[in-house]
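Listed below are the structures to be examined.
You will see chain A twice below: alongside chain B first, and alongside chain C after that.
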Partner chain A sequence: MTTKRTSRRRLAAVSALAVGTLLTATACGGNDDDNGGGGDAAGFNAGVNKVANASDKKGGTLRYVGVQDADSWDTTRMYYGFAIDFSRYYSRTLVSYTAAPGQKSIDLKPDLAKSKGKLSDGGKTYTYELKDGLKWEDGKPITSQDIKYGIERQWAQNVLSGGPVYAKDVLDPDGKYKGPYEGGDFKGIETPDEKTIVFHLPKPNGDFEQMLAMPTNAPVRKDMDKKSKYGLKPFSSGPYKFQSYTPNKNLTLVRNKNWSAKTDNLRKALPDKVKLTLLTNADERDKRLINGDADLDLNQRGMDSQGRTTAIKEHKANVDNPQTGFISYVAFPQSVKPFDNIHCRKAAIYGTDHKSVQTARGGPMAGGDLATNMLPPTVPGWDKNDDQYGIAKGSADVAKAKEELKKCGKPNGFKTTLAVRNTDKSDEKSAEAIQASLKKVGINVEIDPFDGAQGSSIVGNPDVVKKKGYGMVLYGWGPDFPSGQGYGVPLWNSKYILDNGNNNYALIDDKKIDSQFADAIADEDPKSAAKKYAEINKEVMKGAYYLPLTYMKVVQWRASHLTNVYSADAFNGWYDMVNIGVKK
Partner chain B sequence: MLTYLIRRLFAVAVMLVVIILAVFCIFFLIPKWTGTDPATMFVGKQADKEAIEAVRQKLQLDDPILVQLFEFFKGIFVGRDYTGGGTTTHCSAPCFGYSFRTEQEIWPILTDRLPVTLSLAVGAAVLWLIIGLAVGIVSALKRGTIWDRLGMTGALAGVSLPIYFTGLILLAVFAYQLDLVSNKFTPFGDNPGEWFSGMILPWISLAFLFGAMYARITRATMLEVMGEDYIRTARAKGLREPVVIGKHAMRSTMTPVLTLLGIDLGALMGGAILTETTFSIPGLGQAVLKAINEKDLPLILGVTLITATAVVIANLIVDLLYGVIDPRVRLA
Partner chain C sequence: MTAPLHESSADTAVAEPEPAPSGAKKDIEGRSLGRIAWERLKRDKVALIGGAVVLFLVLAAIFAPLITSLIGQSPNERHEDLIDPLFSTPKGSFGGMSGDHLLGVEPVSGRDILARIVYGARVSILVGFLSAFVAVVIGTILGTLAGYFGGWLDTVISRIMDMLLAFPQLLFAISLISVMPNDMLGLTGTGVRLMVMILVIGFFGWPYIGRIVRGQVLSLREREYIEAARSLGAGRRYIIRRELLPNLVAPITVYTTLMIPTNILTEAALSFLGVGVKPPTASWGQMLSNAVEYYESDPMYMIIPGVAIFITVLAFNLFGDGVRDALDPKGTR
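Take a look at the complex of A and B:
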């Protein structure tokens, strides 16, 4: 007996010691002396609306880490925001964004062109002349024909799918041209000489230059076009070129010696090398950032909860909390009863406890401020005072919700299904918060998580939405380019109700909104256009097609030794990557 | 022996064909029945009809399943072309498919990542065999003592604790807190020392999990074997105890251990998904996880076939080894 008891005691002691050691070690978290990359951090929000560690010093290696590779590094095929941002390392466009923090960044400046476009023919013709000394990575000159060819690739959707096609739709709305591989030369773009390019639009579009700033319109040289494989090693017109790339593993950029800083005042191009490591584990990504093994998150969607807590508690000076251009929302597809009735939609908006949704999304810092309308703060025309449903006060308005329920003929409430992508934790938590608050007014919400990777064929397919009875679709959206057109057309214009890949989930088919869009798009004055987009936003909110949730914010890690870091509205509040440097 | 080998190799080939058929049904036939169009998963955010149609043509989704199957087999032996949207993409033999997601042939992805997973699996297997056998033998021979209890408690912990728990604890303590080993993977060719430093924790994590199972099975088999008549006879002949254990008992004990090893090593070849994710090791497990998230069916298919092949081949090797370690087994 004694022996057995002694054995048990010894066993217990050894176990307790082992567990104790592990718990002590793990509870200690990160090293207090480590502030992610050495040196003093610039301070909390030092890179928001101002430049953290402004510097022109060159050299060093900038190390990105990410958990998601680009959809493609081919400028024609990319659509992910971070890929578009990153592409400026190796591609240039006729015009591009100002190298400045915050809202100043959305002003377009000449990039490959000597000046912004010269408009003629009542806003239907844009003419650009190229700068001198522009070269490809092999030293050959960048010509207007290369730019034209790069733009024409958008038409070859059967080979180069995936990217935004705004310029294609504006230049060739009827889709007559078949692309450079099958259709030869596109007549809507002329290149009278190697330095001049002329665009002929069938009708004016005030955002055409915004579209030209997208990498989809970067030059591609015909003899270097590897078609669908071009994204594995794009040919550089920018300050860096591809040295190596293995999809889902790593990417290294080195200096393009044929790029001349004299021709480019939008890119500082400070580091000698840019390296990217791709992981699958977001916790590990955050640990590497905090531990100083990486400098920046490529994907820019913010740290995960564990890393976020450590970063804010122990390394707040390394944290930026910028406003992004994204908004989370619930759309009410009108094809699913009873949301064909405006009063039922209003009942759901009034019945939601907005504060609890914000908390579910991570609170004001990680989740963002309460969204009072559908236009994000980074898009010109946003008005925070446009709050038709009293969302800013945070709590549900039960009395008004019940009143609207009576008006919609459902005084005792109704049942509906809320579709939410299973790939976004904060979306799933938001769905639960909405479910809990709507139950109090009699609206019983069943949550149906769907595979986020297949969103375009599930919630993006109106037939599937109707068949599954999705009365509510929880999603997020940000502008493709910073204007009401780049944000709102796919969501609110009836022309964009598609059989598959639809984003107008609410199925808004309103002649007034369509004509308001036509008017705003034709407006060549950005300020006056912004006012028109604000009016469209008001109209959308008046129709109660959406329940806005939050204007999304992110908690972003910025290593201490990084220079020239700032978030830019032009990139949806993410960092202007090509201007970031490294203290050696 | 030669006849046995030929027969087994033939069985392996048949097994692989059956596996390919089954995998094909899962990836291509079932979506067809359920009305899902795999082509929509390959076209990115902009769901252009022409783009979807081009992918349909390239994947030959409209062809009968037998034609698709024939093309797949043809690709493995002589390569194949993917034609659609006015362009042709060639995939050289052995063509295990083409990823339209990353615009890469599957075979180079597999051969790039296989050595990483192989080094993870083999390194861990060496460790878990040493730990598992040692603990199992000591537990069996010292049955009922504190050593047996300690060994079996450790084994129970090893079996019970998931890899992402032990892995994260090990990382937190030894990589982040004590900074004794590297927290990231370095290719062997870049720096062998760093490679070893980055692999030691994944090996230990896997060995802790698998070693526990091997300890338990070794103990159980050893206890059974030690009661056999031939052990008593060996002892009666006056053989020393180490000879009785090492030469006579161990041979029989190794048979189930080898069987388990064959299955485990083969399965790990398909990618130790949790280990590779926890430690960010760019092996097959990480590739298949990405592929699942991105619905990259050709890559999932390729990794599935690699796993199946590895399991079948590892079992063949194990079967051949039976004859070496246990003279009672005759291969014919």
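Take a look at the complex of A and C:
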């Protein structure tokens, strides 16, 4: 998924500007525990797996601050995680996530629909009936045609690029439909009347509803579709509507009077106004949060080193440290010798000092726990105890690494190159830690930082990887939707080895894994599917294609006067934004 | 600037510095330009201090492995036990300064800062000197050719110099380095980066030397002693090598000593921007860039490489100024 990649990119580009602030910055360590808004903070991790300051009180202004604007506010085009989260302020989907902290959030609940989809035809047909009283921001009813049109827009990739296209791939795997601007009506979705919508899938897919919950499948009204300009002022179907928006500067949402809470039990919509200020400097963002000039970080990538230090030392009660859905890892492209040999891959896994990498990523709080396998904890099927290489104990296993080197035919070690994006400081530091520990077992790692913005054409291009001799690629990954399919298919399925924009860096081409995926995807029961994904993960780890680093955590600021704050697995561990309120 | 004097007035300052036109080394009764300069320099305390610091830095860079083994540290050894895992910064005050780690340790990795500063000096000095050398060689050759032959050759070379002076060299260096392959001419990684940095900085530095040399040659070639040599049948090569170049030694020396610190700063800037030497090789610019993230929580980490760059550049500049004053025949000291 591109979310992480891109958002990290700009964040890091921005932090290079931090130098400029050296001249103007003032120490903020001295201020006492008064964080604007007044009142006591809810306590450390009060918003993790529980609700901080549960409340139903309406009113006030919720102030977001960010260092990065959305890729687009057009629901069809957005891919950044925070944008997908934020879009729920002004868009609704047939089904959406449960308003609850932690893992519970990933259960889908009907949103525009009266109930979850009715399956028929062996899991190939999904039928939904819409609730009564659904209205657009101008008071006109939201119809099933509007939903269909909103979904169809993702076919028009030549005009509306950027967003995920899962529904498109599932409904029209051969790409026959040309999109609403050129192709007219899509036959795979039927709207027998204004209240009913029927999806016909060529093949069953157990995650189809998860895909429908993504904002890509939110309704868009045809007469309001400004095509590529729609993102500047999306037409609201949710509790808030756009009042003003200047890209990269600010955004203000006000209540949508035509939204009725009676039709929506997933969104509390407490504040009267939601304001977003965009800055260019992460250091300033952190200072504003700490000084009480802003309530929440929009981007939710965690605080920078300095802000983190101040926050934890002086305002720990304002800090949440949630588990995100992201994992950082090193992939071993099998096209680069000697990593075509499983024993050489294993040697590198055993030879890495995992603890040292964790410290480089910012320690257990800012970096996250040691990853023992490739599934992130927010994805059903994750099992911490699936630790085939003894990663949990932290230190490098030099003896085993040497043994594997012998089996690989390189008893004296070898040389290789590790590619790391130059836009992510934690990644670069991890690379140095890996380099230092592998040197001790005789593997000499050359670090090659590449331009993170060009990732899809550098490490995403298997030819370039081979030519540059990237035996190791350090990257991060998180699920697009919380299932093994939404997470693992692009990484591990041989079908997803692409010439450009490839994410299967390790070039895993394993018939067994492919067929396991086919089996798991067709499974309509999430519980048994989760078990199957766990098996796939096990198989991937057995092949030693990856060196997992950490299950990423973030240090998040939560202003004292915020109510109803919780991190949700459905949003990769970020706060469920639309349910946050403000104490006046 | 060095204004060459009449060759006839041998009792004042000599026209040709030490290597006499005949090539034969003879004892001159009067003092040579070199000796005059040295005696002037000796009286310039500030320049001498600068020179001493430069010498010290060069020695430190050359003997870096010896120094680090004396203090019992190595630049790439990680001491994660000295790092507070919660904040990634060193435990203890002043960036973890202690008897073992005199200048403290780096945040995150716990590598010894003193060892990295000493090794960082190698990169700075190497790039500073070699790129200046590249600039001097190209600049002197092309500047002399342009000045001596004039005509279309002068026009072409001068325009090239104008062009290069207007070129955004830092941006060019950044883009060039980022597209360089990892392996080149038998070098890998840091080797490639060093070579490219030296060549790029040197290449963009030569017009500064080239202009000075051209100007000098332009005025020198009309002097009587050159004409005398010419009328005696000396060839062009002889005139350039024996009559002109010796008179160019002074301005070239001055510009070289002043160019080195600029080059060191450029190297630091490139490393700061992430296109310098590759990790784990230590460089000052890179340390400074890493330190930005910790300027509040661990200010020592930023101060130390900053001071190292500052002292180095200042020392070179003071020394360079002294050399210039000393070599200036119009100087009063």
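Assume the second predicted complex is superposed on the first by the 552 of 584 C-alpha atoms of A that agree within 3 Å, B and C clash if a C-alpha of one lies under 4 Å from a C-alpha of the other, contacts with A are read in each partner's own complex, and residues count from 1 in each chain.
Note that a residue touches a chain if its C-beta (ideal position, glycine included) is under 8 Å from a C-beta of that chain, and two chains touch if they have at least 3 such contacts.
Since this is a predicted model, take the numbers as computed values, not measurements.
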Checklist entry - When the two structures are superposed on chain A, do chain B and chain C clash or fit side by side? => result fit
Checklist entry - What is the contact status of A:Glu182 with respect to chain B (first) and chain C (second): first, second, both, or neither? => result first
Checklist entry - A:Gly362 contacts which: chain B (first), chain C (second), both, neither? => result second
Item to check | Partner chain in contact with A:Gln435 - chain B first, chain C second, else both or neither | outcome: second
Checklist entry - Touch check for A:Asn291: first (chain B), second (chain C), both, or neither? => result first
Next on the checklist: Tell me which partner touches more residues of chain A in the superposed arrangement, chain B or chain C.
Outcome noted: B
Checklist entry - Once the shared chain is lined up, is A:Gly460 touching chain B (first), chain C (second), both, or neither of them? => result first
Checklist entry - Taking the superposition as given, does A:Glu446 touch the first partner, chain B, the second, chain C, both, or neither? => result second
Next on the checklist: One more residue to check, A:Ser260. First (chain B), second (chain C), both or neither?
Outcome noted: neither
Next on the checklist: Looking at chain B versus chain C in the superposed three-chain picture, what is their shortest Cα distance in Å?
Outcome noted: 8
Checklist entry - chain A residues touched by both chain B and chain C? => result 15, 22, 25
Checklist outcome for this item: Note: in the complex, chain B contacts chain A through residues 36-37, 40-41, 43-48, 50-55, 84-87, 89, 100, 102-104, 112, 146, 149-150, 153, 168-169, 171-173, 176-178, 183-184, 276-280, 282, 286-287, 289-290, 293-295
Item to check | Complex interface listing, chain C residues touching chain A | outcome: 76, 78, 80, 83, 85-89, 107-109, 178, 181-183, 188-189, 273-274, 278-280, 292-297
Next on the checklist: Quick check on the complex: what are the chain A residues that touch chain B?
Outcome noted: 7, 10-11, 14-15, 21-22, 25-26, 28, 30-31, 69, 71-72, 77, 79-80, 156-159, 161-165, 181-182, 227-229, 231-232, 246-249, 279-281, 283-284, 287-288, 291, 293, 423, 453-454, 456-457, 460, 498, 500-501
Item to check | For the chain A and chain C complex, residues of the former touching the latter | outcome: 15-16, 18-19, 22, 25, 27, 29, 304-306, 308-310, 312-313, 355-356, 359-360, 362-366, 417, 422, 425, 428-429, 431-433, 435-436, 446-449, 451, 468-469
